[in-house]
Each structure stands twice: as C-alpha cells, then as structure tokens.
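Which chain is which? They are A, B, C, D, E and F, in the order written, and residues in each are numbered from 1.
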C-alpha cells in the first residue's frame, strides 16, 4: 500500500545520489543513438519485491520499454527470466544499478520474511514487522515485508501507541499510562503495552490495553500469558526471535511475533541484469 | 570523509520519516518535564560506525547531553558501555529508534568489512567497496566500509570511469572505448576496464587503461593476469567473492578485491539503549 | 503532539512565502540598529493555540526575546496582555504578520472547537475532528482542535481504516470489505465502517468492525443504532453537524461526534500586536 | 494569475500530507482494477474558485478523466452538477478529500468576497485583500479573492511599500520615511503610508506618497481625507470592516477598502463528490 | 534588502554542490585538530558585495571566527586587507572556494555597476538593473547592483507590469493593453509600457501608463520623448547600452537607464584568501 | 555529460525564481487562447551551449513546439536563425527570459572557452576548467566549458585530490601529504600536488603524485618543470592566465592550462528571441 508519490520521490533521490552530474562512462563511450536490451534473471529462489519500482525507474528514461513476466509478491525460481528492458543504451546503463539496488534489497526482505512465515505455518501466530528499518526506506521495507507474508506493526510514532518499559517507569504505573493514552489517542488507534512479567500482563489487561507485547519472555511464561489473557486481547511475542526459535514461540499460542531482523538484516538476493545477445 | 551538511540532511529526513506528526506515546504518557538517562551498550563484538551520527541525533533535541567513551572506527567488545545520553524524556524516546537504526546498520557494515579485511591480512590485496549500496545511504555506507578497513571504489557515476562488458559490446572494442573515455574524462579521474578473459586484459593494457577489473575469473586466470600486467596497472578482482574464497583470491596477487556484500548484505549488530536506573 | 521538526519546516516556508527577497519597507525605512517592543493583546475571548509557534517565529530572528504570560490551551479574556516581544525592529516587523497568521487561525480553531465541546458537556459524547483541513496545515489544525477539547480522528489515510459507501459499493458488501481490511491492516489500527441505515449497522457489527460511523442519521435512528450496538463498539455521528443540532445528537447516546467545520470554517480570532510605548 | 509551477508544488505537498505511505482503506478493500465515477455537485450558491486545481489533482492519477461544466469565477447555483470524474477507484478515492479541501476553501473565499463586493456596488470603492492569509496558501487565496471580485494588495513584503505606524515612529516622521523609501524602492513599486489622523494624511500627501491607508477612521474623517486628497492619490480604508459597515465606508468616497476577513475567516462552502450510480 | 532565510538556503545548496560527500583532500591530509588562519585581500579596486555572505559561510563551520574591516557597499583599494578568518583547518578549506565564488562574482557586479553610475554622474538619470540575471542568483545579484549604485527594476514577473511589443501586438493596441492591466493589477504595482516610436510614446501617455520604456531609440528621439512626456511619467532608456554610449543617453534627459550587462556580464574581481603566516 | 534529472531541477527553480506567483503582465493583457511564434536569432558569432536546456524550458509548457536548426557545441554565425518556438502566448512569454538567461550565459562560456582553445592550437597543451563557477550552476558551466573545447578538472571536492599550499604547510611536507592521501583515496581518483617552486616539483615527483600543478610559475620555470618531469606525470599550469599570455605558457610544454575566467567571467552572448510576423 505505497502511494506512487512516495515511490517517485525515493526514485528521484536515489538516481540523483548515484548519478551525480552524469554517467561519465556511458556519456563518453556510448554513442547517443545506441540501443540496448537487458534481461532480468533470478539467480536464486526469490519472493519478489521491488520489481514494479525497478520497472518505474527504467520507464522514467522515457523511451525505455519494460516487459515483466512476474509481479511483486510472486515466488520466482532460480534461473527464471523475470522480464526485459529495452531502450537507449546510455539511459539504461545509467539507471540499472539503482534499479537493482532497490530490487535486490526489497526482494531480500520479502524472501527472508517468507522463510520466517513458513516456519510458523499452521499455528495461530502471524509474523509482524517493527520500526527497525533503514533510514529513508521505511515505506518500501514494510511493503516488502507484507509481500513476504508479514503484517505491519505501526508505520511510525504517530499511528500507534506502544507503551514501553521506559514510559512505564517515568509514568509510574501501567494503569496510569494507559489511562493517559486513552484520553488523548486518535480514535482509530490502538494502545499496546510492553510487559516483562506476568504481573505486568495482568496489570495491562486490567488497565484496558488493546494489545500486549510480551518482551523477551520464555515459552513457559508466554503460555501463561496466553492463558491469562484468555483471548481478550491479542498478544505479541518480541525480542531476539530467530529462525531456530520462532516455531516454539508460535506454539506457545501468541497472536503475533515481531522480528526486527526481516527488515534490518536481510541479505540482498542475487538478481542479474544481463545483456541480451541477438544472434 | 562525510561533510556535516550531508549528515544533517539525512538525519532530518530520517527523523521526519519515523516521527510523522509527533511521538504519540511519549506526548500522551510522559510529563513534559520528565527526564531520562540512557546507556549505549554493545551486545556483541563490534567495529563501530555511526556513533557520531547517533550523538548528533540526540544533540538536535537541544537539551540532551551525550558522553561518548568510544569513537567511530573503534573495536568494541560485547558488554562494553559505549556512552550515555541524558535529557528530556519525551525528546530522547522520540529519537532513540532512529539513532539506533543508523548505528546498528552502519556498525554492521564496518564489522562485516573488518572480517573480510582480516581474511586477507598479510597479502598485498586491499578490500574495496562497490556501488551496491542502499538507496539514500551511499555516503554513510561507504564511510562505514572505510572505518571497517576497506578503501572506496568510485562514489557515484560521475567520479570514475568503469568500462563494462555492455559498454565494450556497444562500442565495438576496448581500444576504442578507452580512447573515447581518455579524450573527455576529467583530468583527475582514472579509467578502469572490466575484463572477462586474459585476451581482454592484454587489450586493456595496450589501450592504456589505468586499472583493470578481473570479472569472475578463477584463481589460475587471475595469477596469469597478474603476470601479464607485471605491475603496470592495479588489478581488481570482482564477482561473487565470499568469506570462504577471498583469501585464495588475494593470494593470486591482485591489488584490490571488491565485495558488494559488505554494504548490501551486512546484518545489523546488536546495540542496546538501556534506561539507567539510579539507586 | 506536534514534533518540533514539523513546526520548523512550516515556519520556514511560511516566512519565505511572505517575505520573498526581503521586507522592502523595513529595510528601506528603518535603521539597522533600531529596536522595537511589541505587546500581544487578546481582543476577544479566546482558547489559545499557536502561541508557542508564534514565539518560535520571533526567536528565529535570534536577538528577539519573547516573554509569554499564557500558554497553548489557556482560556484568555478579551483585553488580556498575553506576552511581549522585543528585539531589532527590522526583524520584528518582517515576521509579525506571519506569527499572527498562525496564531489567529489556530486560536480560531481552538476557540470554535471549545464552543462545540461546551454544547455537549455532561453527555457521553466526545467531539472529534476530520480530514477536512486546509492543505499544508493538517498537523497544526488537528493540534489546535485538541487544545479546544476535541479528540483526533485519523491523521491521514495511512493510520486508520474508514470504509465508506463508495468502498462498500465497489467491494460488494460490508462483510467482505471488513474481512479484506482485517487481513492486512497494521495491527495497532482500527477499522471503522460508515453506515447509512440500521441494516448496515447490524451488518457492520456482525462483520466485526471496531467502530461505526452513522452518516447523516436522524436522532431517532441514532438512538436505535445505540441500542443495537449495546456498547459493543463506539459509534460516531457525522454529517452536517451544527452548533444548533449538536446537543440533540449527543443526547442520542453516541460516543463521538465529528465536525468538519471546526477546522474548515473557523473564523480567525482578533489578536493585536501593538507597539509598546515607553514614557 | 497563478503559474502552474506554483500549483503543482502545492498539490504535491497536500497529497503527501493526506496520503502518507498510502491509502490504507482503498488498497486493502478495493480491487486494483475497479473503476469509479464521481459527480461534483454544488450544495449551496457558490462563486467558484479552485475547480481547475481540483481537476488537476484528479488528472495526476493519470488514467482519470475530468469533465467540467463550469470554470473558476463562475456563479453556481445550489444543486448544480459541476462536472464528473472517472477513473480507477483506488486513485480517485485516495485524492478526493484533498481535491475537495482546496475547492471548498477557495470557493468559500470567492463567495464571501463576492458578497462584500455586492454591498459596495455602484460606489467608486473597490474591495482589496490583505496579507492576512493562511500560511502556505497565499497565492491561491489571493487568486480566489480576485475571482470573487476583489483586487489584490501587495503579494508579499518585497513587492510593495506600506509604511505603518511602527515604521513612522521608529523613523521619526512620515516625510523622512517616504524620502528614504523613494530613494531605494524598485521603480515599478508604489509607496503607501498608513495614517491615523487627518494631520498625517496631509503630511503623507506632502511627502509624495503614492497611496494612503486610512486606518480605523470614522466615516466623517474619511470624507475629510477624501476632500483633502482631492483625487491626487488613491485612498484605502482599512480596519475592522464588516458586512454591515462596508457600504457606509464606500460612500465616504474612498478608492479602496481592504478586508482581512475574506481570506482569513471565510467558511468553506458545501460541495459534494457523489458516486454516480449506473442504472 | 535580502532576507537571511534566502541567503541561508543559497549557501546550503552552494556548499552541497561543491563539497558533495566531503572534502576528500582535507579529510585525508589534514589532522582533525589542525587550525588555520586566512586573510582576505583585495587584489584590485573593488566595490564590495557579498562579504557578509562570505562571513556567514565561514561561521556555519561553527568554530570559525570572522573579523571584517569592511562591509558590503564599501569601496576597497587594491592591496587592502579586508578581514581575517580563523578556525579548524579542515572546515576552512572545505568552504573557502564557495565563499570566494559568491564574493568575487557579487563584487564584480557592484564594481561594474559603479563604473556605469560614475559615467552618468551629474545627470538626472539613474541606473537600473533588469531580469537578465543568472538562474538562482537573482536576489543576490540585484542586491549587488544596488550596492554598486543602481536602483532595481522589478524583481520578478509578479511584482511589476511591463507591457512589451509582443504583448501589444497580441493585444491589439497600447490603450487596450493598459486598460486591461489597470483593471487587475495589484494596487501598489505600476504599469510600464515599452515604446519603439514617438507615436507609441504618445499612445502610452494617453493610455495612462505609469512609466515608459524607450526601446533602442536614438538620442534625438529620446530627447523628443522627454519633451512629449513633459515630466508626467518617468522615462526609461533601454537596449544595448554600453560604457561608451551611456553618458549621451543620460544627457537626453531620461529618468532611468537599464543595463543588462551589469548582472549578466560582470567579470569576477580578484580577491585572495591567503594563509596567515605566524612568525 | 549532464543527467536530465540535474537539468530538470535547475529549470524548475529558475522558473520559480523568475515567475513567482505568476506572470502578471501576460495574465492580465493577453487572452488565454492567443498564440505566439518566436525565432531564436544569433546576433554575434557564438559557440552554442544551453540550446537543449532552452528547448526543454519551452517544452515544459506542454503545448509549445520547438524546432531547432542547431545543437549544443555548434559554431553559429551572427545573423543565423537557430530555431523557432510556437505555442500559447502566455506560456511562451512567461518563460522566455529564463530560457535566454541560461542560453546567453552558457553560450558565453562556450564561446570564451573556444577563444582560449584557439590560442593554443597546435601545442600539446589542453585547456581545463576550475571550481571557480557560479553557485548552483557548476554542472552546466562545466558542460559549457567542454562544449567550448576544454576538458574538466574535478567536479567537486569529493572526486579529486588537489593538495595545495595550505594543505602542505599544515601537513608538514609534500611527501607526507601524498602518502596520507594515497592510503585513503578512492581507487579511481588521482592525486595532484600544487607546487610553487622547482624544488617542490621534485618533491612531488618523488612522492608519487599523479599530476602536478605549477602555480604562477614563469615560462622559464615551467620549461624546467617539464624537463624535470620528463613525461612521468602530466603538468598543469595555473594562475592568472589570460588571452595574451596563454600561448607562451602552452609553448613551455605543459599538458594542461587551467583558466578560472572561462566560467567566472564570461560575458553573455547576444541572442534574440523575436516575434515571427506572418504576412
């Protein structure tokens, strides 16, 4: 759910950052009327994100044509031809690295996310993302996470209330913090409370929290929290979740599991942009 | 070598992206005059990058004080206290995530880079970075790579000439491409040629390239290329370099080894920002 | 809950818009070292909003000092001295109109809002705002509304789901629309459904909406909707609410009443910035 | 007389402000290929301003078509169909509120302005606007005022000289102030002097002012000022002018009457954007 | 009469343009704690403009101190020491070229302007500038022209009406063009008409123009135009005015002479920024 | 080698600067549907630069058509018709001055550059530009210089190392400065050292500089420097080079001669935009 306006602005500044005054090599070496055709090839198994952005980048060089065989969210096998781009050689070569930088990073996020999601298949738990994103890329990274199968946690600090340990300790009690939040929060926004202990979970339930974050609890305590809540509010497990541990957490019965790693530490996937040779 | 102007602009847009209209939770829950103190703790072994940016972010909330015990480029052990931040609680909590997002990502790059650098210690090879960076973060990521021990390849498309296979095929020959580039390139900028074969290496040497990129060559061919060049121009090994293979490549005698992974796929390092409890 | 970053940017562009290349009159007529002192006087009864922005505008001309006797949210009587500003005459005169334009407009909103709020005192209904704001001023206007005693509805299109008649008719049914929204909405965001009829209210309740908007219903139907809901979800009355009709609506038992007029049609209040004459 | 460049920039930032990362509701609920058609209906008598901006906003979503039956400046009766918009449903719903926010506000200004203008019909007086506009909307609001029948006073501080009481008191005398202004003012810009008394009017006439502002004078004094000037320079009446008092002021014989209220306090007019139902 | 806001923005973008990611040489070669002191020396006779901007650029690197012995508008002799700058060496060297680029260009304009002004000393004619300025530098260049002794013509297209030959031919007649302009022009803005012939001058006088531009007329015709006007409105001579011809034009009795060359073709003056050597 | 993105942004801000809220004269005087046709005529001998930018400016007013008979880099004779522009009269007249301001300035640079280049024809010396450009216009001015026959020196501070006297004195010695620079410079960037004496030239050669700048040396010393270098590295002559002295400098055998004057002091060339009269 990213608006075209957001995407256009990101593309503009990414191109400006990479190109500077101009693409020195292509301007000097390639004739103005030379044309090129490039094929977009998957070099590993990928859940795709960013292909529409990549296509948009090429189309900005107005005479380029882009034909895609896949779309964002698709699962693509290593070796698959994903699409072709054709147009003036100078323009294509000037923007190809920027297009790939978006595509490889965002597909990396979608792919890693899908791997976490697969681990918890069949449980009631849903994977969610965090605000641990790279500066400037929040909208795109959260979109990539959702293409990989995650739901989004809040987008920024103004569209959700999450009362953390620091808030509670400054404020005095969970009850008081929730009461203050409730009196002023926009009416379509929920209030979540971070809890370290079962006692805090009880306090948060009583205070009327809309959702509870179980911070770094062990599986046993999570199960007890699930029992305590009895389905009254959704529970989120958070803190140091890894591929090896996520299944056990899901089986404790929580509703959501948040993983910072999917946006903060996803390795780029390998996608090639190769010259098409005409025989 | 990042100018303060560049950093300020990145900080502004990162804060705007994360805060939106305001930090809903802190504004509602925390009294305007409450103060907080946070400690910056390393939770794993880290080569530090971004600590000066993090400090600058906190200082923008003007009444915050920041005391650092470490500086960018330092090697920090897991468990080390890196510094303290104190100031108005609302302001601190509004910016802490953004500060950590920069710090964890950039230190991730410096740390991963340093691991590659260690692998090739004692050889003549120097690690270098690429243009495979995340959109908007080029300057910071290249700086982080250099803090981790790498040298920089070109910063963008206007400050270096790299004639790749696509340029060569459109242009017709390496000789012609180098000649065209030489006639118009800014006088302090070098010309590098990407070569897939030893025949191309010879062609590039003859054409007067300032530097040669050996693309995806095996160790044997790299050794031959080193012999061919005989020290006339620096040679760069590139393409799919990994932790397991980098040492062998270095030992083939090349001058530079470029690794996209250090900027494109570095996992965030674990750094905590913990409330200081006064007893 | 407006972040200083948002305010600074608005001030900069407002000053640029009004000043252009420079304040022709003051530069030509007033000596560079002349000083002035101005008093901020309320000329009618006001609920104050924007006084901190006004102060910030004067302080940007760095040698100005501002002393305020009141703060945002205060009720101020006609004739009250609200504060004083002193500094270089050229700088003061260049920015005074911009400071007043913010202050008079925002206080107009807070004052009108408080009048609606007074009308529904003693009922369970809470006044809320809408997205009917003036382009560019959303954050400030919503803040002014809350200073006048309203709560905020969603801030923009990405932080709340409001399924309107157009969405329902395109989608086919309320049930399907809510189901689709539920599957992808960020986890701290609520889903509201706009209903024209009691049949739709039942449908929305069944579909699991988090909140229901009663669109242009008469008092009788609103009372029935309140009975139908039985407190399960909050109900919002909306559509053409005016000072003369709001009390009756509140007494129908709804939880929220939204009024576009408070942000879209609030007349500016009269505040003077008068030269202080020294005797 | 607003340049397209100015309008485009305002539209972009208004859309960004309202949409944020994306239109959550439409993206989740409405299929990507659904289409919608909306009719723009006047719900009260209106002097139209902003309809071309609204059309431009819809056209930015490139596949939208807009058919208008009216144009800016037209007088439209309650109930009139003003035009139709058709296109992809997601895009239409994402921008409709922003389009209406411009249109309702600007038409509110044009409509209120026209009411003041009607009051002084048949006199020599011409209604003019002021710098009392809402931050960021100066160009559009002044244009709307002129569509309502007013002339513009200066656009900003650099395109007209208005010597006010504060300037005079700091400078020492009207004569000196006008002399200083005359020596440096751009050659196509006029010099106006604000006068509180008839003595000041005489002083300003003698000093060679190009225009005189009569500040808060009663009708009797205004008539005397008109006599004093004898048509040598235009006279502007200013200060607290209201619908009930403007006729008497006009009949005192002044050339211009300025009213801040037309831009600062115009209520939005009621315009609907209703789904077109196909039978 | 340039507002600080305008200047700050120009400085920021000029520094960003010249520095890019950082000052490579200084960062690599100069220790972080090294200090430097530079002296600003005039190397030819100069009318100074831009010295306050230069000082502001150095002060942005906050630890720099700037001591000026001269100010904008001063006439400075070749060899004069104009001021000193001291601070961190890296910061000073990073911004010195940008500071000089502003200073040498703007002082070039003020100096050339003053030479034209001297040529017409003792006549009634006043030198004025035009819109022939370099893109982005309009405000600064017009300010520099006024420091050199010129008055400003309009600042841009929205603050003055100049009806040129193209307007007249499209519109049909001078009379009609002036009438249309008069009906809608902001009330503090004058209307000037460009005339090629004496017949047009008569037409423009009759139509009530506020000022008349004599386009490329010979001295004889200018004298006749002066007689025709008889002092009713100011006359501006324009078109290909050069140092050798300006005196004769002034002696024809016109009020203003406009010269595009002073902003469009002024050579930079020679100003040095030399290291201060301590003995 | 200027990227379209760079050009678009410059055009936008130049138009905004000149137009402000709108073109007052054309909006008032010219009917909305009037059309105009303008011819672009060379009024002196010109080496053309900026004609593609001028065309782009006209095309932004979308209904304008532009037909060019010449292209950037062409030598055009006085009197030549260079092209025609046709479209809506209001739009054409609003942008013509901005288009000419770019075109006359940039062609001025290309033309002056070509005159210096002609002076050194037949020698080995190549003319190069400097960072002495006008703030905001660096990319365009350097491109214009290259159209006039010059090569570019570095584009900004981050794409070339030039160790100047200040760097050397702070650093201690040329040897140390070069060593430090070598250890951290991006691998495609060269290191140049500024030398005042032959002793320094020897030092720089020994230190391994990639290029040497001979600062203000007389012809005799330059010849000795050429002999010393023996072709090992390129030599650049710099400092106060003028039309009368450049040939002698070139004949001393240097490789490059840099002239700040070509970008900093080029007078605008005379190009007319004249109405096409239909008979």
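By our rule, contacts are C-beta pairs under 8 Å (C-beta built on N, C-alpha and C of every residue); 3 or more make two chains touch, one makes a residue touch a chain.
What you see is a predicted model; the values in this text were computed from it and never measured.
**Student:** Could you see whether B-F or B-C has the larger number of C-beta contact pairs?
**Tutor:** When the contacts at B-F and B-C are counted, B-F has more.
**Student:** By mean C-alpha position, what chain is farthest away from chain F?
**Tutor:** Of all the other chains, the one whose centre lies farthest from chain F is C.
**Student:** In whole angstrom, what separates the CA-based centres of chain A and chain C?
**Tutor:** Chain centroid spacing, chain A to chain C, equals 33 Å.
**Student:** Take the average of all CA coordinates in chain E, do the same for chain F, and state the distance between these two points in whole angstrom.
**Tutor:** Each chain reduced to its C-alpha mean, chain E and chain F end up 22 Å apart.
**Student:** Where the centres are mean C-alpha positions, what is the separation of chain C from chain E, in Å?
**Tutor:** Taking the average C-alpha coordinate of chain C and of chain E, the gap between them is 44 Å.
**Student:** Give me the residues of chain A that touch two or more other chains.
**Tutor:** 1, 19-24, 27-28, 94, 138, 155, 158-162, 184-186, 189
**Student:** If each chain is a node and each touching pair an edge, is that a line, ring, star, complete or other?
**Tutor:** other
**Student:** Any two chains that touch count here, so list every such pair.
**Tutor:** The list of touching pairs comes to A-B, A-C, A-D, A-F, B-C, B-E, B-F, C-D, C-E, D-E, D-F, E-F.
**Student:** Over in the complex, which chain E residues touch chain D? Could you list them?
**Tutor:** Residues of chain E touching chain D: 1, 128, 146, 151-155, 158-162, 184-192, 210-211, 234, 236, 256.
**Student:** If we count contacts the way the header does, which residues on chain F are in touch with chain D in the complex?
**Tutor:** 12, 15-16, 19-24, 27-28, 94
**Student:** Inside the complex, what are the residues of chain C that reach chain B?
**Tutor:** Counting only chain C, the residues touching chain B are 1-3, 5-6, 138-139, 142, 155.
**Student:** Considering the complex alone, what residue numbers of chain A touch chain B?
**Tutor:** 10, 13-14, 17-31, 34, 36, 89, 93-94, 97-98, 100-102, 104-105, 108, 131-138, 155-167, 169-171, 177, 180-181, 183-186, 189, 260-261, 264-265, 267-268, 275
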